[in-house]
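Can you keep this structure in mind? I'll have questions shortly.
The first chain written gets the first letter, and so on, giving A, B, C and D; residue counts start at 1 in each chain.
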Amino acid sequence: MSAGLLYALAGAALFAFGVAGLILRSHPLRKILAFNVMGSGAFLVLVGLGQRDGTADPVPQAMVLTGIVVSIAATALALALARRQREHGNDKEERDA
Amino acid sequence: MLDPLPWLILLPLFWATLAFVRGPGRGGRLAVAGLLLQLALAGGLARQVAGEGERVYAVGGWGAPLGIDLAVDGLSAVMLLLAQAVALPLAVYARAYYAAHEEGARYFWPLAGALLAAMNALFLAADVFNLYVTLELLGLAAVGLVAASGGAGPVTAALRYLMATLLGSGAYLLGVALLYGAYGSVSLSILAPLLGADAPLAVFLAAALMLLGLMLKTALFPFHFWLPPAHGGAPAPVSALLSALVVKASFYLILRLWLDLFAPLATVAAAQLLGLLGAAAILWGSLMALAQTRLKMLVAYSTVAQIGYLFLLFPLATDTGSVASASAIQGGVMQALSHGLAKAAMFAAAGTVILSLGRDDIARLGGVSSRLPLTLFTFALAGVTLMGLPPSGGFTAKWLLMSSAMHSGQWGWVVVMILGGLLAAAYVFKVLRQAFLPVEAGTQFKPVPRLLEWPAFLLALASLLLGLRAGEVLGLLGAG
Amino acid sequence: MNLAFDLLLIAALLWSAGRALTTPDLFRAVVLFIVFGLLMALAWARLDAPDIALAEAAIGAGLTGALLLDALGHLRGPVRRKSGLIAPSTVMSSEGAGPPAFPTYFLNGLAIVLAVALGLALAGALLLLPEPAISLPREVAAAMDASGVAHPVTAVLLNFRGYDTLLEVAVLWLALLGVLAVAGGRAPGRAPVTPRSARASLKVPRLLARVLAPLALLVAGYLLWAGAHQPGGAFQAGAVLAAAAVLLNLAGLLPGGATPRWVLRAGLGFGLLVFLAVAAAVMGQGVLLQYPPAWAGALIMLIETGLTLSIGLTLAGLFLALSGASRQ
Amino acid sequence: MGEGLGVRDGRGVVSVTVNETLPLLVLASSLIPGLVIFSLPEERHGLRRAFNLTGAVLKLLFIAIMLWGVLHGESYVFRYSVLPGLELVFKADALALLFVTLSAVLWFFTTLYAIGYLEGSPHRSRFFGFFSLCVTATVGVAMAGNLFTFFVFYELLTLSTYPLVVHRGTPAALRAGGVYLAYTLTGGAVLLAGVVWLYGLLGQVEFTQGGVASTLGPEYAGQLRMIFFLLIAGLGVKAALVPLHGWLPQAMVAPAPVSALLHAVAVVKAGAFGIVRVVYEVYGVEFAQSLSLLVPLAVVASLTIVWGSLRALFQDDLKRRLAYSTISQVSYIALGVALFGPVGTLGGIVHLVHQGIMKITLFFCAGNYAETLGIHKVSDMDGVGWRMPWTTAAFTIGALGMIGVPPLAGFISKWYLGLGALEAGMPWVLAVLAVSTLLNAAYFLPILHRAWFRPQTAPWPAENIPMKNGRETAWLLLLPPLVTAAATLLVGLFAASPLSPLDWAKLVAAREYLNWAP
């Protein structure tokens, strides 16, 4: 078994972890972690599977670079929303108190 | 002469960036001008397709599989036209709306520009990884627009929407990875001939993952949970853009993949399952719409229901090449178009009512019929399309889907469509009847600018007249 | 030996990811996630993907980690009351609050079963997959001469699939827009909410920041220049720039803020505009993003320079807007 | 996307001749005033009136031209392709002209009446706008040249009448509107299923003398029966066939001019007219007979006739009594259609016109009683004949006509229906007619008795319009019922003369039964 395929298998497992986490965990920060794990899983499958014959393949590598940037973009937006939501929660609590 | 194809993607990005540089809340006029040009470009492109048929555009001159191809056929041309035709009046509406209602206005124009660029890029893409990038662009722009007003409700809705859309694109991306692993290419035109019924398990998994992810983004029942709060809670121009166009974009992609890529893999059972989910969406969405007490939530649930009709085409189009299949696809596309126009009009009308009345309780709409007659008329005309009554585009869609169902002997869908139409009538008239009540004591109707009422009316009128020009639309659809 | 290393690394990856998602303490979860990111960088290096390894370390583990740690103070614990009493959360479900009801159990169980099934099906599918029909590495190698650069990943990223990159830059810029819209959209005059744990864990000595920041600038320049023929490029360089900005901010030398002035806005839009302008300009000759062969190298360098600046600003902006917004 | 997925040819009309434009002009003469009226400010009464009446007169003019033309062998057809194989067709054939003339004439008088009736009430722009749309839809139903076009306008009729029914905005009106929609939209949906099914089998369903369904082989008999059931059920809602009639008594909360139009020409009649078209020109009466579809239809119609009359007996509310009477009377049309043979056809078709004239008279009068004296109940009508002699005279003519007293319009209808029943070999229908006539007398004569022969016992509930210069009520309220009452008398008296409704109905019947000369 080539390293590529091995890491692709690991990617599949990570993806499943991420999906489960995204569905099961309720805290937004945890969901953000889960989504990142899921993304990393998909990236590993993309590159690992593409290189299962053992030679480097620049095309999926470039795609993953794109994917990483997309991931941080989504993460930042999600964090902004989660923080804003929490502030609303605090405000509401203060009003209620 | 300008080649419309790449400019449909570059132009909205240009005006979005410039609007951003100009500063918060600025750039509305630029956007309207840009959209006007885009509409002309989309029209030009449609004419090209109608005349010369499908067109492939190799970005960078490399061509698939090394480079990225863009492609346009009848279906993409129709969807591009829809997107610009809905967005232009909505941009005019949004300028008037945000002049009266500042919340959420700060980054509306750059976000809307990015949204349109993403949508146009998606309709033109012919490469599954490039489609992933456009999907992310579209999803983030949509989430940003929902959240932009910053209120507690919209922010919570946006977060939920973001998680749903990220899960969806994650699944899609894994599908892309599997396809690349199986065939070594991500180009639709290269992949399509390689796929057969004997494809390895990974390809079946890829198909399932990609379609599931897109169904989540399209908010097909039971994945609709994120849609009503997001569409119902956003400012009206945003709700209109989202309900009219964004869910259609991911539906378009489902249709595209189903027809062009995964056709050999598609089984009758899978198609029936999609149809059943669509039927459940129609019934559940309509019932939920009927149960709402807030106007915009009702309209949002109506979107859940109307999306269901789109998915009825899959069981009807199983027997590829037959009359039933052709008219099912035509019906599905007509539904996407007419719902796009009508729902944009309806959300815009609801926004006008809210701006004028300062509230959106359905039970307290008394007097709208006499104080905002044009807006109410807009709502009613849009409602005619949703109910699928003649001569609207919604009726033509339903006619085509029903004939297809009868041709293929699938009577169950006919019953669903009839029930769906009646339920739609129930929730539309639930609003209209309240509007006929006398003005409630102590209610102030703020005067609204004409630019708020007329764009919505034109959209509703377009959704109605679409039924009479269906022949041309379907002609274009069949051209590529 | 290699196999043993791979297996160990994969075990560590799975462990850190799993723990990050399950450990009860959020701070621990974030730290575990950063560890996961660094392990991922190792994995990429092991897969002959040094570009991704660099990006993963800088962006995936570094910047994401900084964002997460910064957010942690605002998101940890149940919603606070003025009186200091801890009340059950209303807006956000706090973790571990009471036993879930039956349908939740059922749905959770279903989700776990589905995830396991998905993982197994994927594993099976991967093992059964035959060799692909098309070999893109060969195509890339054949077209390298015409690409204007010597490093294949850069060639793919900025030439063969440059269009993806164009849209990706738009995604990044868009995320910043979203963050600014959300973080800066509040009504003025609202009382700020000071987070409990604040940013104590992230304090950076000023001297360190003053030394590291110019160094980072140098590294970024090198990465940008190197990208043409070896691993590196605009994204990695931009990430290093952003890291410098984050350091300065943490040292208190660079204020955060959720409403950029126009010069800053112009800088943020600059990279995208340069990219768009090049894309549009070359269309006079041919199609979208088709560089004239003689100019390809120069144009790519131009785009990359614009992108580095813009990406650096944007990534830094994501951090500064988020942290600045909470301190307004 | 594969070839053949869409269709290239979606062109509409290329060139339009005068003969093609006339049907469109007939539609436009109420559509355009309607749209203009919507945009008029509420207080522009004069301009609104001008648009309304100009439209009504123009419509009459266009129809007169077409009547003349059809008698001289011209044909007026307009076609527009919506989808390949799906056309909007407007055609002025004999049957269409019969109905369209009736609608246009009665619209004219109802407009006059409505102007008088709504004097001083709010939301008149909205009212007259939808009123004009409603007539446009009715005219479209009348001139529809195929089943699809018919369906389009049939649904438009539903939509444009709803605002009229709920016009007053009272809880009762809104409730009635809800019931009305529930019935008619469901009916429309059932009709749609039938229409789509039939189009699936036939490709095109153009209204053709002798029908088009008989081209299908005998193996389709089962499907055609199912489709017939769906079509009649869909149409039966508007035609108020028992048990689909529940909406009609509720809808009488609408203002009197609306009720007048609803009961005489627009909604109820559209349903009945649709049944005529389906039996004669979609199935063909002989083919329908061979599928044994006519006897069940006759039975349903007979049940409706008797049931409606029975219920009318027990209503104290005048408009409600009239509403149940409509249920009964409109089914004469369906009954006539179901009687196989030219004479029955004649009876059914002529009743389409006669019932309209008589019933509109009665509703005008009921509106006058309510508007002038506040009388809504039969029990308040004691002595009203001497306070409002002209109105009551008109009412009397209408009521006697409904009972079938010769030589009034209703007599002609019943005479031919009776003869038709014998010709069709269904003598039991005579018994239905006899019972119905007795019941008609039983619920109308007491009203006349109260009005003329009982002294006024209590003050009028609300005398809004006082007696002035010997005029019992406003001119615009009085004139229309007098004209239609006169017409009730005249179409009966001069039934045998050329161009009378009976004569025109003979023309229609002669075309349906090729070997028959009246």
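Methods note: a residue touches a chain if its C-beta (ideal position, glycine included) is under 8 Å from a C-beta of that chain, and two chains touch if they have at least 3 such contacts.
Note that the coordinates shown come from a computational prediction; the quantities given were computed from them, not determined experimentally.
Listed by label, the chains touching subunit C and subunit D alike are B.
Compared on C-beta pairs in contact, B-C and A-B come out with B-C as the pair having more. Centroid to centroid, with C-alpha atoms defining each point, subunit A and subunit B lie 27 Å apart. Centroids built from CA atoms put subunit C at 10 Å from subunit A. A straight line joining the Cα centres of subunit B and subunit D is 42 Å long. Residue positions of subunit C touching 2 or more other chains: 91, 122, 126, 129, 136, 140, 160-161, 164, 168, 171, 174-175, 178, 182. In subunit D, no position touches at least two other chains. Shared contact sites, meaning residues of subunit B that touch two or more other chains, fall at 129, 133, 136, 140, 143-144, 147, 150, 152, 155-156, 158, 174, 178, 180-181, 184.
Contact between chains, using the touch rule, shows up for A-B, A-C, B-C, B-D. Interface of subunit B with subunit C (complex): residues 3, 6, 10, 13-14, 17-18, 20-24, 57-62, 65-68, 70, 103-104, 106-107, 110-111, 114, 117-118, 121, 129-130, 133-134, 136-137, 140-141, 143-144, 147-150, 152, 155-156, 158, 174, 178, 180-185, 190, 194, 200-202, 204-205. On the subunit A side of its complex with subunit B, the touching residues are 8, 11, 15, 18-19, 22-23, 28, 31, 35, 38-39, 41-43, 45-46, 49-50, 52, 60, 63, 66-67, 70, 73-74, 77-78, 80-82, 84-85, 88-89, 91-92. Of all residues in subunit B, those touching subunit D in their complex are 54, 73-75, 259-260, 320-321, 326, 329-330, 369-370, 373, 377, 380, 384, 387, 389-391, 396, 398-400, 402-403, 406-407, 414, 418, 421-422, 425, 429, 432-433, 436-438, 467-480. Listing the residues of subunit D that touch subunit B in their complex gives 1-12, 38, 80-84, 86, 88, 122-123, 126, 151-152, 155-156, 159, 162-163, 166-167, 169, 174, 177-178, 181, 185-186, 188-190, 192-193, 196-197, 199-200.
Subunit C contributes residues 2-3, 6-7, 10, 13-14, 17-18, 20-21, 26, 29-30, 33, 36, 40, 43-44, 46-49, 51-52, 55-56, 59-60, 63-64, 67-68, 71-72, 74-75, 79-83, 87, 89-95, 108, 111-112, 114-116, 118-119, 122-123, 126-127, 129, 131, 136-137, 140, 152-153, 155-157, 160-161, 164-165, 168, 171-172, 174-176, 178-179, 182-183, 190, 193, 235, 311, 315, 318-319, 321-322, 325-326 to its touches with subunit A in the complex.
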